[in-house]
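Chain IDs A, B, C and D follow the sequence of writing; residue 1 opens each chain.
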Amino acid sequence: MLTELKREAYEANIALPREGLINLTFGNASAIDRAQGIFAIKPSGVAYADLTAEDMVLIDLDGKQVDGSMRPSSDTPTHRRLFLAFESIGGVVHTHSSHATSFAQAGREIPIFGTTHADYFFGPIPVTRKMTAAEIGDGAYEWETGNVIVERFAALDPADFPAVLVNRHAPFTWGATVAKAVEVAVAVECIAQMALMSLQLEPTLPAIEPELLHKHFKRKHGPGAYYGQTDSGPTC
Amino acid sequence: MLTELKREAYEANIALPREGLINLTFGNASAIDRAQGIFAIKPSGVAYADLTAEDMVLIDLDGKQVDGSMRPSSDTPTHRRLFLAFESIGGVVHTHSSHATSFAQAGREIPIFGTTHADYFFGPIPVTRKMTAAEIGDGAYEWETGNVIVERFAALDPADFPAVLVNRHAPFTWGATVAKAVEVAVAVECIAQMALMSLQLEPTLPAIEPELLHKHFKRKHGPGAYYGQTDSGPTC
Amino acid sequence: MLTELKREAYEANIALPREGLINLTFGNASAIDRAQGIFAIKPSGVAYADLTAEDMVLIDLDGKQVDGSMRPSSDTPTHRRLFLAFESIGGVVHTHSSHATSFAQAGREIPIFGTTHADYFFGPIPVTRKMTAAEIGDGAYEWETGNVIVERFAALDPADFPAVLVNRHAPFTWGATVAKAVEVAVAVECIAQMALMSLQLEPTLPAIEPELLHKHFKRKHGPGAYYGQTDSGPTC
Amino acid sequence: MLTELKREAYEANIALPREGLINLTFGNASAIDRAQGIFAIKPSGVAYADLTAEDMVLIDLDGKQVDGSMRPSSDTPTHRRLFLAFESIGGVVHTHSSHATSFAQAGREIPIFGTTHADYFFGPIPVTRKMTAAEIGDGAYEWETGNVIVERFAALDPADFPAVLVNRHAPFTWGATVAKAVEVAVAVECIAQMALMSLQLEPTLPAIEPELLHKHFKRKHGPGAYYGQTDSGPTC
């Protein structure tokens, strides 16, 4: 069932340790089939080396497990919340990549200091507010994690800002495909590393100038984009 | 004799350089057979590339070498002290992994800033007091190293805090199995790296909120755990 | 057409991720045939793993594409501007290597603190002024990027300073050959890393003494050089 | 001629990039045959990937090239000076490893903060004074580099301190064999990294306590050593 979707999710999951974004079993990726309203996600706590495409668990948008014998990732409700709220996205990735997570732990957005960042984001990488004790303890912690992300995006377009830092936790990224969400996860980590070092050099460094932000983001996204062979694809 | 135990200890020892936790020959892992009261540990100063499972040295809980032709690790008395004091543990790992050791050298506990840390520890990663000149010089330095760890855990449960930093020295970790102790050693190093970077961003960053600490630790440990396929297994 | 030139450019491009200078598709290298006034450059947005020598795009010094079916790198006008202004260079490399880019984002030159730096540069690694809104938005952004570099070199010899940081952006390097430009890109990244750490140790560290700068640069460059087998070739 | 000596020097040289201590062609290792008063050293500016054992150049203690068709490393006079002054050493290694070089650039000794350091050094890793303009410019720069090292060791035993930082330059290490000098070079780099991070945590961190320094150094060196199988061999 949905063999190709499982394979996409599987490829994204095993890319995470290969790209240095993940240690041990922390992190997960999911891919959605919008026509069927079903997404494929990593099973919980399985070592990446042991994972197969068949292990991917299928979940529908109501949260019902429709295929797979293993428990899905404990973060599944967060993925589901994002797929419901951000209708244009096709994949979600969660990592604890070290530099991005350091910003998340400190509750700091990642300021936008250069064109590498502007190639992917139309401003700073946002951070959520802290979750309340009620949200953490009400039995739907992972769903509420999705809710604070969605709340943070009330006035933001997820296509302009394809990642968020969950306060005290770590980054989530997304994209038109799960492969794109992996690419953004790589970009977020290297953007975070460079922001940290630029701050070490200049603790009060101001953000990139608006014209340069606009230029770099728009040469890669939307009408008038001229980067790459097909008006997609950027980098870090 | 105890071939399987030696193999477990061997696998854990060779995992240490592979995981980037060890340079040269520094570090060691041991696994205990509680029924027989015997543990297997790395021989002293042997290069990891030359190590075989048969090289593992067997020591009983009185400190007597019961098998193996090579000298055991010079840190053997520390391992023995921990096996005696912490009766639920099945393995001990010692590394000089760079970020964790930087905290140990500074005599600083690793503060708990995020969920990655809370997935493994029920609070900050403790640091021992400094050892006295008498403890260092009395001819049982490595045993006394174990004693200051045990002293630090007078009011701590080693299952809630599966690692310690020995002041001026480096981390020791443990777990139900030696494989788990290796996993914790990986986690401690990445937790230390992220704590250092979060402190760079916010030198006065407060600890994680108690509800979030409780939630993350308890979803992976003890009754009510729901992470993984078998209520074990976390990550970083 | 110009098969050997394409191969040189190709080898330089694929060296960039191998040397750890590039993530994803960001960065590019070009090599020029001065006799024909044509340079070979990477196609835009193609993954390094998929690249072949035949994919290299040929561009003449007027900016006309003379061979290749794919679009050239979006940074092609910057390369062309440099080939026109710096007549002695045979190759150009652009990366977003993390430490060098951190200086570029902060708008800081890389100060010269040691002999590693002096082996490659006859002073600090220069940074351009920020680009104006007009230069960014006038439809020739990448050409104007070349212009601010050339402006910065009004009083500098590109042979004495084989790299620049574009403010808010990232480094460009060059050399007699594109292979040499790759070598300089490696050197710039490690020089930047060491400068950042030396600044952490001594925030007001002064530049290297003039005699030592002169000695190290001149033992590797120009008349009297005595390093290597052929009076070229340095390092980091 | 001296095939085995060349092989030892060769193995040490190619270990340097493999251990991450070297980029490009910077760095070199040499091994001496004390009976013959001849040492083998890397040829100048040759890429490590192209190096063979036969390429090693043989030099006698008067500085005369006695074998090999290539020029020796430009740092050969520094190696020779050290072999003449430190009669117990059998090998010398020079790297520009990044963390150690950052201390050298800042003119700072590496303070001794923990047992990893104490396993190798009987105190801080010394730094030379700056070289004078006369020493740099008198035509024997590399020999004078050796002289400032020897001057720094007027009151230090090179067996207790098997490395030095040349001010504004980078580390040199040595040992009873060139393989041991490589091991020390690895240790110096990781000690430097951890010292830098401990200083970030505690800018005024005092040195390790004398008893602990004595204990760790002496359990691995000299009479009464009990580490390893043969009273040699430590780590980081």
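Methods note: a contact is a pair of C-beta atoms (placed from the backbone, for glycine too) under 8 Å apart; a residue touches a chain by one contact, two chains touch by 3 or more.
These numbers were taken from a predicted model, which means no experiment stands behind them.
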Shared interface partners, meaning chains that touch chain B and chain C: A, D
Copies chain A and chain B - rotation angle from C-alpha fit, nearest 5 degrees: 90
Taking each chain's C-alpha mean as its centre, the one farthest from chain B: C
Rounded Å distance, chain A centre to chain C centre (Cα mean): 32
Gap in Å, rounded to a whole number, between the CA centres of chain D and chain A: 46
Sequence positions of chain A contacting 2 or more other chains: 200
Chain contact topology (line, ring, star, complete or other): ring
Every chain pair meeting the contact rule: A-B, A-C, B-D, C-D
Residues of chain A that touch chain B when the two form their complex: 23-27, 43-46, 70-71, 74, 96, 98-99, 101-108, 130-131, 133, 136-137, 141, 168-170, 196, 199-200
In the complex, chain C residues that touch chain D: 113-116, 119, 183, 186-187, 190, 193-195, 197-198, 200-202, 205, 208-209, 211-212, 215, 219, 226-230, 232-236
